[in-house]
Each structure stands twice: as C-alpha cells, then as structure tokens.
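Two complexes, one shared chain (chain A), two partners (chain B, chain C).
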Partner chain A sequence: MRHPYLIYAGKRLAQAVAVILLTYLFTFVVVSILPGDPVTNVLRDPQNGFSEEQIQAIIAAQGLDRPLLIQLWTSLTHFLSGDFGLSMRSSRPVATLIAEALPSTLTLASAGLAVALGLAFAVAYGTQFLPGRIGSALRAFPSLFLSVPNFVIGLALIHVFGFQLGLFRVIEPDSAWATLSAAIALGIPISAQIAEVLIANLDHEARQDYAAVARSRGLSPARLFGKHLLKPSSLPVVTVIALTVGELLGGSLVTEAVFGRNGIGSLVQRSAAAQDLPVLQAVVALAALVFVLVNLAADLVYPLLDPRLKLVGNPERRPETADEATPSSLRTVAG
Partner chain B sequence: MSTTSLLVVPRLAAGRLSALRLPPTVILSLAILAVVIAWSLAPGLFTAYDPARGIPAHKLLGPSAAHWFGTDHLGRDLYARIVHGTASSVTSALIAVGIGVLAGGLIGLLAGFLGGLVDTLLARLVDVLLAIPRFLLAIIIVTALGFDTVNTAIATGISAVAVFARVMRAEVIKTRQATFVEAAFLQGGSRWHVLWRHVLPNASRSVLALAVLQVGLSILVIAGLAFLGYGDPPPASDWGLLIATGKDYLKWPWLVYAPALVTVAAVLSLNRISRWLRRTD
Partner chain C sequence: MAPPDGLTVISQGNPPLLRVEDLSVSYGRQPVVSDVGFEIGRAGSLALIGESGSGKSTIARAVLRLLPRTGRATGRVAFEGREVLGLPERRFRPLRGRAIGFVPQDPGNALNPVRTVGAQGEEAAALLDEPNRARRTALILETFAAVGLDDPRRVYDSYPHQLSGGMLQRVLIGLAILPQPALLVADEPTSALDVTVQKRILDLLSRLREERGIGLLLITHDLAIAAEWADALVVLKDGAVQEAGRTATVFASPASAYARKLHADVPSLNPDRYAASRDVGFRRREADASPKIAVSAVTKTFRVDGRITTAVDGVSFAVPTGTTHALVGESGSGKTTTIRLLLGLEAPDAGSIRVAGHEVAGRTHEALRGVRRQLQLVYQNPFTSLDPTWSVEALVREPLDRYGIGTRAERAEQVRAVLADVGLKAHLLPRRPDALSGGQRQRVAIARALVLKPDVIVLDEPTSALDVSVQADIVEVLLSLQAALGLTYVFVSHDLALVRQLAHSVSVMHRGRIVEGGTVADIFDNPRHAYTAALLDAVPSGIAGRARRAPRTGTGEPLVA
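After this line comes the complex of A and B, so read on.
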C-alpha cells in the first residue's frame, strides 16, 4: 500500500507543478496575443491625460518594449520569486493590492463554503429521511439552485433583509448580516453541486447488498443511515469540495459587486476596466495556484481516508462533475 | 429504467409521441423553451410596446394588465424589454456553446482517438483551462477582446471548452473499446472512417445532453458578465443587463424579479431537458 501511494503522490505532484507553470504561460499568451492592447487603449486614451514621457516611463517600467519571450521569462522568474510587478493603473505593487483585497474575499469564500456545505448536507440527508413527497421534492432543489444566478439571490436577499426587514444597511457591506447574506448568495449555487453528488452516493449505498442485509435484520433507518451509509457516501464529497474552490472565487467576483464589498472581485473589475494586465495576470495565476494546490491536497488525502481505494498502476482520475461522480453502475440502472 | 425500451417497441405503431412518453415536467420545459425561442425570433409579435421608447409619465409603474412586468425608470415597458432582449441572450449562449462543442469536441476527439503523446499534451491543456475559475477566465478573455456582448459570448465559449473536451474524450475512449469498433477496424476500415461512422455518432448523445446543459450555464455566465457591465451598454436589454439596471431600483423590485424569473425559467427548463436526454439512452 505504501509504495504505490508514493508513486501516485509523486506523479500527482509533478502534474500539479506542470499545470501551474502552464497556467502562467497560458494567461501570459492570452493577455499578450489577443488583440486588445492596453498601451493604446488605456495609456494613450486622452481622457486619462498621461503625457508622452509618462507613457514611455510606464512602458519601460513594465518592460513592454522588450521582446515577448524575454518578457515572459522575466515575468515568470519574478512571479516564482513572489514579485508580481507594478500595477499599470496605480503604479503600486500588485502584491500589495492583492494582499489588501484578499482578507475580505477569503472571509466571504469561507463563509460561502460553510453555507454551501450545511445546505447540501441538509438537503441530501433530507431526501433520505423525510417522508415520501417532501423527500422527493427535495431532490429538485439542486437543479433549482443551479439555475438561479448568485447575483439574483444576492439582490433578493438585499431586497428582503436590507430593504423590507432593515436587518442591515447596504452602505455597510462588511457588517455581519451583510456578510451572511453575501455568503448565502454565494453558497446556494455551490451547494447544488455538492448535494447532487451526495444524493447520488446515498442512493447508491442504500441499494447495496449490505444495506439490504442490515434492513432485513431489522435495523432502523436512522441506525442504518448513521452507522453504515453516512461515511461511505460522504467521503467522496472531499474531492467535490476541492473542485468548488474555483467557483467560490469566480462566484465571489459577482457577489462582491452585488454587495459592494472591497475584495479581489472589485480589484479584478477595476483592473479589467483599465486593462491593468499585471494585476489580472497575478490574480489568475494565484487562483489557479490555489485551485491546483487544494485539489492536490484532496487527491493526496483521499486515498488515505478511503482504504477501499487501491492504487494499482495509473492513479484513477477523480470524479470531477456530479455526473461522473455517480458510479457508472448507478447510471446504467437509473437510465 | 431498462424496461422502457422493452415497452417502447410494441408501442411504436401507436404513434411516436406516446412512445416517447414525455414526463410532464419535460413537456412544460419544452413549452417554456418554445416561448423563449419565439420571443427571440419574432419579438414584435408578442408585445406592442417599443423597448427603447419610454413615456416619462409612466415610469416605475407596478405590474398591471397594461404593463405585465411594470415599467422601468424611463417609463419603458419591462415585458417588451425582456422580449426584445431575448434574442441577444439566446444567441450569445448559442455562440458560446458552439465554440465549446467545436473546440472542446475536437480536442476531446483527438485526445481520445489518437491517445499517447497527443492525449497527454491535450490533457494538460484541459487541466490548465480547468484550473482557472471559469468566470475569471471569461473576464480575462473579454478584457483582452474588448467589452461587448459577442465578446462575452466568445469568452464564455472558451471557458466551456475544457468541459466538452473531457466528456468527448471519455465517450471516445469508451466507444473505442467496443467490439463493433474493433470489428470495423478488422474489416479494413480506415481510422477516419471508423471515427466518422462509429465513434462520433456514439459520442454525440452525451455531448448533446452536455450542450443543452451548457446553454443554460452559458446564459447564467453571460448574464453575470452583462451584470458586471462587460456586455453591450443600454439601451440593449440582455437579461443580465436588465437585472443589473434593476438593482439600482430595488424599491421597485419587479425590475429585478421579472428578468430574473425569465432567466431562471429558461435555465431550469434547459437543465430538465438535458437530464431527460441523458436518462432516455
């Protein structure tokens, strides 16, 4: 067991490093090759009122006059040493800008994840426990949650709690109630994906022979659930949570705009409006870094959590959507 | 259930529609989609109001018989604006999914069919696309391309490439191992013949279900980009833009709830149909 795990871990680690480097290359290519040119669009825009010397100074400071390959090499080596360069818009270090915006986004994202998990487990366990009609009605919830954009949920919460009930004022986006509302708006669509996997797993486990045996021996549904079904069906959620990291970040971009929070989302918006590429590139690279590291951690931990998983030969790819996470045997039965 | 296919055969004579045995929620979803498609093809048939011309005296009226969804801050009929904005929202979602299906499908097809080094290289490319949060990726691309609705559609499409590539690759690999594909090779079929005649048709069902699902998701992503102001500016009336305009008038909540309701109904219908397509294999 130990030896194949080390091989698996090594392969997975190498893959993660490769993906991080390639992601950096990819964003560099996207921002340098695509037709939009920040120098002509922003710096030379007469509305911004830069003088010719200032423009030349910014171009020299950013190294935009050097060949692309050299630009790539310097930006990559600087990035690896933690230097993200200067913002084109404000000439402040990108690292500082991100460090200022990060705490607010981290608070929102972790609160959103907590909401998503709580809601997903409540819905999934409800489908198993609640009688007939209500239980099957709950099955429609993930699909519904997935269809409502988080900015609509956010606006509805502001309308009901902010305007009608007066629980928080819109001009205080960092108050507890406002943060909770933002977390709910962010968490609801994400809970749908977790709940889908959880429901599929619970259904699958409940149909297994061992569950039938336990039932025939007179185990109450609650005991069967608590002692036998809960653990095997909840474990795979670890990997699903890791996959929602990207959406937590992507979703918080919009949620921050709805609630007027100052975080990575508003930083991205301001930088996008000004085509401030160094900032955008750093945010994308960091987001990809976080995503890859979280998923690497999930991949490395999961075989240790679930001893049923045997790592023989090539490591299996983890399920990455609710549909894939549904065991294939289940899909053919349900189909 | 697998019994359905047994029941369907003798019933075929009784008419194809009853043989399909559409669940009621699927019929409702198809009806909603039919309305949405009709709105985008011929908006003028469904409303007499001009979406761009407002009557200042009639601003911010609540929903009524004359104005189904009320009027906005310039006295324009909101229902008319939604109906006339449908074409833009639907077309952008279709453009996005078209890009996803073509580029993602090609990547998945090559990776799954050729295997080896090509597969490894393309798999890393897909990993990269998956590692960047989808919405952030779309924002970066639309920033590089410039802000308008078609570009938000292109950006959304590129951000969907990875998902299509993954599903297509999995389907191709599954089909490649089938006995009939082996038989086709043994009968002397060329690679491209087998690909075109056997592998693609077998993969198309899953990809179709995914495409329908992705039309719904793309509507949401494009609405999100329009909400943040990366699409066409007003007087365009994309659903996401209408919601964004409504957010400044939350005291008149129908300005948010009406376009939101239409968006959610459309996406929910697409999700339901996608599920149904997957189940009726």
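After this line comes the complex of A and C, so read on.
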C-alpha cells in the first residue's frame, strides 16, 4: 500500500479513537447530570430491604461517593480493559451478557446487510440492462420495499417459510433457514435505500461520455456494468451503508423480537425494563463503537474506489496545461 | 442546394466504406435529423459541419449506434456495403472498435475516472487477435508512442485525471486506432483543446489516415477546421443538409446562404469584419495618452505540492482608455492568474497594478469595493456562471442591489436599459437561464457586468463556449458597446483569430511571461517570437491541402451532387 494512504489511514484511526472516547465521556456526563439516580433507586426500593447503613456501605464500596472525575477515570479504565461491571438485574458480568448476545445479532446484521447489498445490486443491474418494461418495473421496487415495515415482512416470511413451506421451525430461531428469513426481513428495507442511490448513480454514470466510449470499444452490457459503471456508482453506496448501520442495528432489535432470537435486542429490552444501567451503558458504548468502526471503514474504502480523492494536502489540481502535465501533478499522492 | 431528392450515387465497383442514406433521427416525437445522406470512401474524409443543435453529433451517434434510449433512427447506414442500422446489438457489437472507432468530444470525460488508462487500453487491445497479454500491453504502449505520447508506460499506469487534455485526446485516439478500424468517427475531437494542441491532434489524425488508410468522419462546428482537414463537407442546419460537396468547391464558393454565413462568421477568414467599430478604439488610442490600466512588473508565485511555481513573472502592460487589450496564450500560460490579480482576487508578490489611477495591488477586500465597481468580469462559460434558479431580472439587478444604487423603480429601469444595450428584449426578464440560448446567456452575463456602469470589463474567453455564429454575435455586441460607451476591455483568449478581430493591442503570454506585446498589426503581421509564430500557425485557416495533403480523388463524396 502506498505511503500516503498509510498516513491517511493512521489519521482516520486516531480520529476514530478520539470519537469513541468522547462518546464515552458524553454518556458519562449525561448520566451523572440526569436526576433520579437509578443505582440508589434500586437500592432504596423497599422490596430489597436494605438499611440506610447498608446502602451507604454499598455506595462506598462501589466508589459512587467519590468525585466525578475519579469515578470517570475508574469507569474509563475498566471500560478500556473490557470490564463493564456487573449487571444489576442478574449480577453477572455485563461483558459476559453482551458476549452471549452479540454473535446472534452480528450474524443477523451481517446477513441482513449481505441480503440488502445483493438485492440492491441485482435490482440496479436489472434497471440498467433488462429490456424496456421489466427494467422500468424494477425501478418501482425501492419505494415499495421502503414503505413496508420490516416486522411485516418478517411476519410474512415466518408465515410462508415457517408455517406454509415448513423450511424451519419457529421454536428454533437460530437455524439456517430461520436466520435467512430474518436476514431477508431486515435486509429488504435497507436494500431499498441502497438501490435507490445506486440506480440514480448508475443512470448518471451511464450517461457519461466514457460509458459511450467504452461501448464503442465493443464492451458487452455485463462488462460495461461490472468494469465501468459499478465502481464509480458505488462510492455513494458506501456512504449510505455507513449511514444505515444504525438502522441495521435498530432493525435487528425489532427483527429479533419478531423471530424470537436471543440477541442484543432482547438483552436491551430486558435491561431497559429493569433499569439495568451498566448493561445499557455498555450497549450504548458498543453501538457507538460499531458506528465509528463502520464509518472508519467507509473512509478507508473511499480512496480505493476513487483515485481522484486526494488524501492529504492541497486540493487536487487537474493539469490544464496544453500538452504536458507538469511533473509535480503526476506525482500527486492520489494516484 | 436542395435536400437529397436526386441522389447521385458515385459507385466505383467496391461498396464505399460508409454510406448513409435518408437518415432521420428523432428523440421521442422530436425530429432532430431528417433525410441526411453522404458517403465516405476508403481512407477518405468527410466533415459534418453545423452549430449546436444542427444534428451533427446525433448523426455520428446514429452511425455508431450510440444514441440515447429515446433516440430512434430510420434510413440506411451501410458499412462496407452491409446494412448496420437494423442489426441487432449482438450482431453489431463485433463491429464496434474493430471496424468503427470513436474519438469523442471532451477528452476529460471520455475515460472512466476511477480506472487506469492502461485498464481501459486493455479493453481496446482485447479486440485484437492476440492471445498473449504481455504482447497486447506492448501493442498499447507502441500505439501510445505512435500518437505522440512521450512516456507510454507512465501514461499506461496513470489515472485520467493525472493527464492533460491534450494527452487524454491522444490516448483516446490511440485506443480508437489500436484495433485497426477502417473508419474513425471523431466528434469535435479538438474543441476542448488549445489551438496548438488542436493542430497537433488534427495533424495526427490526418497522418493516421494516410499511413493506415483509416477513413475519417469528422464532426465540427468550425468551417475552417473542416475545410483544412476534410476532403468533402456536409453543411447541416436544424438536422437537414444545407449544402454538400468537395471541400474546395464548398469552401471557395458556398452556394447556400447558410454556408455563406458560416464562412463569414469564422474569425480567421474575416480578420477585418468589425473594422468600422474597432477603429474607434484605434483613434482613441492615438488621442489618449493616459492608460486606464497600468500593470507593471507584477509577479505571483504559488506553492503547489511543496514546490514553488511562478504563475506570473514580471508582467507589464498598459491599456489606453476605450481600447481592448488581449492576453493570449495557452492553458497554463498565466493569463487567468493575471486577470485574477487585476481584479484584486489575488495579491501580487511584487509589482503594481493601477486601474483608473487607483492602486489595486495589496489593497484589502473592503478598500477594493470602490474599485471593483469600475472593474467587472464576464466569465468564460455562460452555462455555468449564471445561477439557474434566478430570473434574468434578478441576475442583472443583483449588482445594483449589492451596491444599494437607486430606488427599486430606478433599478428596474436600469435593468431594462442595460438589457436593451446588449440587445435583449424585455420579455426575457422573468426567464431563467435554462430557457435561454447560449448567446442570450452570455448577453445576460455582459448586462450584469455592465449594469454598474464600469469603466473596465475583463472578458475571460467570453465566446469559447459558444458556436461560431453566436460568437460573432457577442463580438458585435461588445464592439458596439465599446464604441458607444468608451469601455476599456481586457480580453483573455487562446483564439488568435478572434483577438485579431476584436483587440487593439496584444500581450502574448507563455509560461508566466509576456514574450511579445504590441498592436494587433505588429503581432499578427510580424511575429518576432517563435511562440507567437507557432500560435499563429496553429490557427485553422481553412486552406485545404497544406501541401502534403493534396485532395485525393474518389475518397470522400457526398451523395448530393
């Protein structure tokens, strides 16, 4: 990999770390400022039957009476070493709870994203190269997909695949067919957003001179799509993917509920009901982490997709000089 | 000459390379080309000439079968005797590249920006019967060298944005000729390029035609170019043939009114067309000793990629009141930086710039406000310089609003007056730029510059985005305004023929320096510097057969006799 790219990647990485730390700080401050301390709420609950001395002892043992800055430091160092404390509901380590729930959600989310991408690219290809009516009919798909909520799609899929066709048993939500159905339910609305951007960009790129010139070199439609149009059209798709990660996670929670999967979604649901603050805080931190990582990945992919993006320094200056590009412009880092 | 009812087919045994008959093209219900016919022989050349909207590019696209989806072509297009218009795409595809090559108009957009030149070259090379990839790559590099690219390997590894327009056009020609087609369709192959590059590219096409026997269908708006580089001409207007025939005949004695108008509008063929209005400036020049603009020893350097580039190097010139001074040179010669300095948009590193006695150099933005009012700019491209969401009235009134001049009613009155000055009718006031033609847009841009009643207008290639006839129109407006109002123009252009028609004095710029300066007559009749001579030589003169390209017989022949 080229040297300037490494510098660029390093800078982006440092920014990502800074964003994660700031997010953590922000959540911490917000939780401290909010009235109604959930810890003492739980401890003071008459059902738990703690005496005032016991409460004070617990608070002291947890370090909750110390200055905020020290609390922040302790919680941050624990956070960085993967220690998120104990769940208040089940008294098990938060890290363990998340580790149990995460694989299911990650599987669902990545399968959902894969379905979304596959569907979006297939629809987009069809709009460009399928003859007349079929191509135009496909253009209606994104808005159709977008207007159906994913739990409806999920219920329909359960009905068809689970009950009618019997491909999976609804009491085994982690089986392959069940996971696929959940991924389709999750992926369809997201594929609509990706397809919409992709179709618009393909339309734009297909109108460019270079597409006509490439066709004049005898390229087949499939090669024109794969070699010429796809890459420049994919740049905005990367942005959309980065933005839909939140939806992917949020959608996962709903889809998990519909399909009865045990993932982060059900964990959040249970923890929110029980005001289980350590778990919720860890999930928020986790979501922030995922967001930052995905956006980092997007930033790292952009320059690979478009060599014109300049990584560092001055904006790219296209050499306009008559017949000679100046040597310096040929050494610009983007290439 | 009448459109083709009596077609005289010149048959010479073999079928011609390309024969187009009764070609009509429509977009939806809108007909854009009707009943066009012509014929090109082996290694022959024919030029389709016309303005924007004349249908010349549409014809080229119809021959290449690259019309947009809404386009419908009827008629007959026969390539080497074989009808191709009705062929299914699958059967036409083998002809693409191998039989018919395409050189597009704007080299900057004709290569995929996110793929290397080499990757796109390999697509052209794949059309050759050469199974060995290394050999194919070697052929690409050879072709790049043959079209005059100095460092083929570097070009191969580059992305399009890393190459200049001239280099890209060479690449595109190289890729088009690599599969050894019999016909090359070149759609305005040089309109985006400087004159000297234009000449080199056209020379190259002509040489390839001779050496490799490639037939050429050249599409251009410039009669001088067509006459100089093609054996036969077809003049088009509104999608119909106005006149067609051998270049020598059509050029020397155009029969149709339209061809005569085209001829009259080409600046290089009519250097003294506007002599009457321009002589006013010459008289002012003799009478008035005090210059309106005095630029002396101005230098400006930029730091690009950590290296210092001197964009403008010790430039001096003076412009007498009420005259036009032209800055000519190719892209990168420092013209644009010079006018940015003059307009106070950049501060010079050294030297002084005085406009109407006020020092411009080194003044702050606020201090320049008063000077700016006297100093207006008309941009190069009226298609991008006007906000498409504004009405003509708002566009022209904006400067008055900015300077808070007059009451509402007075401003409206001034807007009407200035539009009348540039020859636009009041019914255009509520229109938006999209609803205007290129010439009307540029008039709006001039009106906008004029509405503050400035002394000086800087014209940055004001006609380079416009058709020849529209260009003539704008030149006329500019000259009559100057004669009437005593305006001083600084005119930036790479088109020397236009400069000769419009300007009184000239500075020739090359690599940031003024290599030569003087009156138009001094520079054009006695160029002392080799660069000036090269620029002048590159101007297409329309003189067919610069010796080595003596017209051939039976090479290109329009069907209409």
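General remarks:
Keep in mind that, in the parts below, the second predicted complex is superposed on the first by the 220 of 335 C-alpha atoms of A that agree within 3 Å, B and C clash if a C-alpha of one lies under 4 Å from a C-alpha of the other, contacts with A are read in each partner's own complex, and residues count from 1 in each chain.
FYI, a contact is a pair of C-beta atoms (placed from the backbone, for glycine too) under 8 Å apart; a residue touches a chain by one contact, two chains touch by 3 or more.
Note that the structure is predicted; figures quoted are calculated from it, not measured.
In the superposition on chain A, A:V30 contacts chain B only, with no contact to chain C. The wider contact with chain A, measured as residues touched, comes from B rather than the other of chain B and chain C.
Residue contacts after overlaying the shared chain place A:G82 against neither chain B nor chain C. Once the two complexes are overlaid on the shared chain, A:S147 sits against chain B while remaining clear of chain C. Of the two partner chains placed by superposition, A:G166 touches none, neither chain B nor chain C. Of the two partner chains placed by superposition, only chain B is touched by A:L253; chain C is not. Shared-chain residue A:Y210: touches chain C; no touch with chain B.
In the superposed model, A:V19 makes contact with chain B only, not with chain C. Residue overlap on chain A between its contacts with chain B in one complex and with chain C in the other: 320-321, 323-324, 334-335.
Of all residues in chain B, only 2, 124-125, 127-137, 139-146, 163, 166, 170, 216, 220, 223-224, 227-228, 230, 240, 243, 246-247, 250-251, 253, 256-257, 260, 263-264, 267-268, 271-272, 275, 278-281 touch chain A in the complex they form.
Those residues of chain A that touch chain C in the shared complex are 207-210, 212-220, 223, 227-228, 231-232, 305-308, 313-314, 316-326, 328-332, 334-335. Interface residues of chain C, counted against chain A in their complex, comprise 61, 64, 66, 68, 93-98, 100-102, 104-106, 108-115, 119-120, 123-124, 127, 154, 158-159, 161-167, 172, 175-176, 179, 193-194, 196-197, 200, 304-305, 307, 309, 330-332.
Here chain A touches chain B in the complex through residues 15, 18-20, 22-23, 26-27, 30-31, 34-36, 143-144, 146-149, 151-152, 155-156, 158-159, 162-163, 246-247, 249-251, 253-254, 257-258, 268-269, 272, 275, 280, 283-284, 287-288, 291-292, 320-321, 323-324, 334-335, going by the rule given at the top.
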